Amino acid sequence: MLEVAGITQIFGGVTALQDVSFAIHKGDITGVIGPNGAGKTTLFNIITGIYTQTSGTVTLEGKNISAFPPERLARRGMVRTFQNIELFNQMTVLENVMVGMHTRSSCGLLSCALKMPWSIAEERRIRKGAVKWLDFAGITDLADVTAGNLPFGQGRLLEIARALAVEPRIMLMDEPAAGLNSQETQALGQLIRRIREMGITIVLVEHDMELVMDICDRIVVLNLGMKLAEGTPREIQENHEVIAAYLGEDD
Amino acid sequence: MLFDQILQYCLSGLSTGAIYGLIGVGFSIIFNATGIINFAQGEFVMLGGMLTLLFLETLALPLWAAIPCAIAASMVAGLLFERLAIRPLRQPTPINLVIITIGGSILIRGLAMLAWGKDTHALPPFSGNDPISILGATILPQHIWILVVTVFIVAVNRFYFYHTISGKAMRACAYNRRAAGLVGIDVRRMVLFSFVISSALGSIAGLIVAPLTMTSYDVGIMLGLKGFCAAIIGGMSSGIATVIGGLLLGILESLGAGLISSGYKDAIAFIILLLILVIRPQGLFGKAESERV
Amino acid sequence: MNRELLKFLAFSAMVLAAPLYFKGGYLMNVLVFVGIYTMLAIGLNLLLGYAGQISLGHAGFFGMGAYLSGVLTATYAWNPWLAMPLAAAVVGVVAFLIGLPILKLKGHYLAMATLGLGIIIYIVFNETIDLTGGPSGLSGIPYLELGGITFDSDVKSYYLVWSFALLVILFAVNLANSRVGRALRAVHDSEVAARVMGVNARLLKVQIFTLSAVICSLAGSLYAHTMTFIAPASFGFNFSVELLTMVVIGGLGSVYGSFLGAALLTLLPEFLRAAQDYDIIIYGALLMLMVMFMPGGLVRGIPDFFKMVIKGRRGAGNA
């Protein structure tokens, strides 16, 4: 589904990632873990077109997407969420999700402003679709709340609903459990499973090991910008190098 | 004949360019400490000239006393501006900062009009008006004053930023404001400092150029914008690069006005500004840097 | 959606009825200007309030519309109804071509670049004397005519200008509550998230920049044909600032707020005749005070203020 090959990223002399390669299989939930500063978020930013890597390639469903900007990736079915949730704060919850339908609608500036019949029909379709995703995330009753006023946990759900509205084939989540309490985290785990059941491939960066071990099919471990290990949760838990990296090596 | 003319244009361009450079350094100092482009920077240039005039004529001080008084008064104005307009801002988004500094700029301009009227005023030259001839071109003593003061200011600036605690703290703020705060630098005070220093620089530029170009309540807009242009050419450096940017701009402008058309003189600066912003936003001498996030 | 329509109908009724109240008095002339400035403020607001991109050069596009219409009709005797769309098209193309590189810039840099652009346009008006008449202006621009009616009196101009202004209002309201309007506001709130949702932020910004320039150009053409005389001084940097003040005072991202800002800034100097030259001080002070104390503009600030007062009273009553 998604292949990362030989990714290296150098920021002004500092090597953030070095020759990282792995493959994500269709329909899997894959976790990317590693200690702080391992380069997880940098990797996400490269895959999703926010940074351009120094070298290496990213391939999505056989197509080289290395230099694609985020908006083009959305059209190819890739979407992401952010560690510090990036909502459209001044818009309502419903409107946020409606923006998610952007690639699934097409009316241009003039037909919108002149309210052509087809734009009215499309608007109705967008609204209906957005409501459906709010239902899915269980936040329908918040539809008219301004997004900036949401508590963090609900903001996270909104961000996920908005990402789903893109109808992606692959979804990358950057620390979805960060800032959630244990109850919310559990519900999140359920939600992620339900998303996978729809046939969406999921990649997540996460620090909450319980969640990762519980829901992931495969795990990739990064340390100091390099891939340390890759395997099932079980294999990772038993991997000595991984344990050493997390606990710090004894001299 | 043509050579003489070109030399003449270059020489006069050099002194206006030095002024642009000084104003540009003022822009850069604030920008580096705060990330703000102070649209009111030009008004401090205007204040420099007008306040000198005030102390000189209305209060009948001698020139040597009027100048420091004018600079000090401008610094107070800069301090008040930061305290009353910038610091209280609850949502310091770039758009709000642009609007508030523009608001401040036209407020200051309006108050100057209220105080001194719409007439243009002349400041006497610092040391006579006898032309000096160089290689067939002539310049005035005031031109020399401008160049000397500029060199002096660049040197003082260099000393301040590299050899004093407060200057080093300011540079630390420029690199990383949060980190500077964490190591105990009072960032808000540095912001205030930056406004005070650049209003001082602005007023100096304004008062040394006033004997050549006359001054009035509305000279600040154009001078300010060209100062900004110098700073952009110099990559928002608060040192020599911006002054060179200013000199370059001054010479190009003067050559353009002399050889092409005087009416389009002001357009030259803005065309350069647009070209540099679009093609080399890091300035003419800077190396390409990744965008600061 | 229906509420928006009702609002619009109520506003239109008010606009159409206003001349009955003012009975063609002196204020009619002022209200013609309010109409033109409303169009301009909405044009700028689409860019600034919705997309979050500043421009300090919009007076330039206003002037280009006015001069293109003026020169084509006064000097080359074109039909004004032909000159107006042509002017708008030319301004649109120019804005698009300039917008492509310029809108890559952000925040302060964009402000400076658009400012520079506005000043260059202004200098061109002053210097192409053969074409524009230079600083002394261009006169002899014909009034608009339609079906035998010449729009030469204040009342007629009022209805002419306001029919255009109402169309622009409707256009902007529709746009704001549509797929494109949402995308614009999304770019404003978080450009990176908008792009992840598939919004081509760069293209969208250029589009809206172009649209707002075209609206300003239309307003410029109307200005030329109702005034019949234009001079560069109306299209300089100060006017760009005045436009900005209208938008900020009315409320960023509010279509009717733009009307409010335009009306206030046009009527205020009329009532403050004594303060003629000093309106600049008032603009400056207003800009600063609004950003500091009422960043949402009057349309949001006034209701908030009343809510606060009511709350305060209730609080006092309970205690």
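To keep things simple, chains are lettered A, B and C as they appear, and every chain counts its residues starting from 1.
One rule holds for everything that comes next: contacts are C-beta pairs under 8 Å (C-beta built on N, C-alpha and C of every residue); 3 or more make two chains touch, one makes a residue touch a chain.
This structure is a prediction, so every number in the text was calculated from the model and none was measured.
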item: Path length in steps (a step moves to a chain that is touched) from chain B to chain C; value: 1
item: Label of the chain whose CA centroid is most distant from the centroid of chain C; value: A
item: Innermost chain, where centres are averages of C-alpha coordinates; value: C
item: Geometric centre distance via CA averages, chain C-chain B, whole Å; value: 32
item: Length of the line joining the C-alpha centres of chain A and chain B, rounded to whole Å; value: 47
item: Whole-Å gap separating chain A and chain C, where each centre is the average of the chain's CA atoms; value: 41
item: Per-residue multi-chain contacts in chain A, two or more chains; value: none
item: Sites on chain A touched by chain C in the complex; value: 48, 50, 69-71, 73-75, 79-80, 82, 86-91, 95, 98-103, 105, 107-109, 112-115, 119, 122-123, 126, 162-163, 165-166
item: Residues on chain C engaged by chain A in the complex (per definition of touch); value: 171-172, 174-175, 178-183, 185-186, 188-190, 192-201, 207-208, 211, 253
item: Chain C contact footprint on chain B (complex, rising order); value: 31, 36-37, 39, 85, 88-91, 94-100, 102-111, 113-114, 118, 221, 225, 228-229, 232, 261, 263-264, 266-267, 270-271, 273-274, 277-278, 281
item: List of chain C residues in touch with chain B within their complex; value: 48, 52, 54, 56, 101-102, 104-109, 111-113, 115-117, 119-120, 123-124, 126-127, 237-238, 241, 244, 248, 277-278, 280-288, 291-292, 295
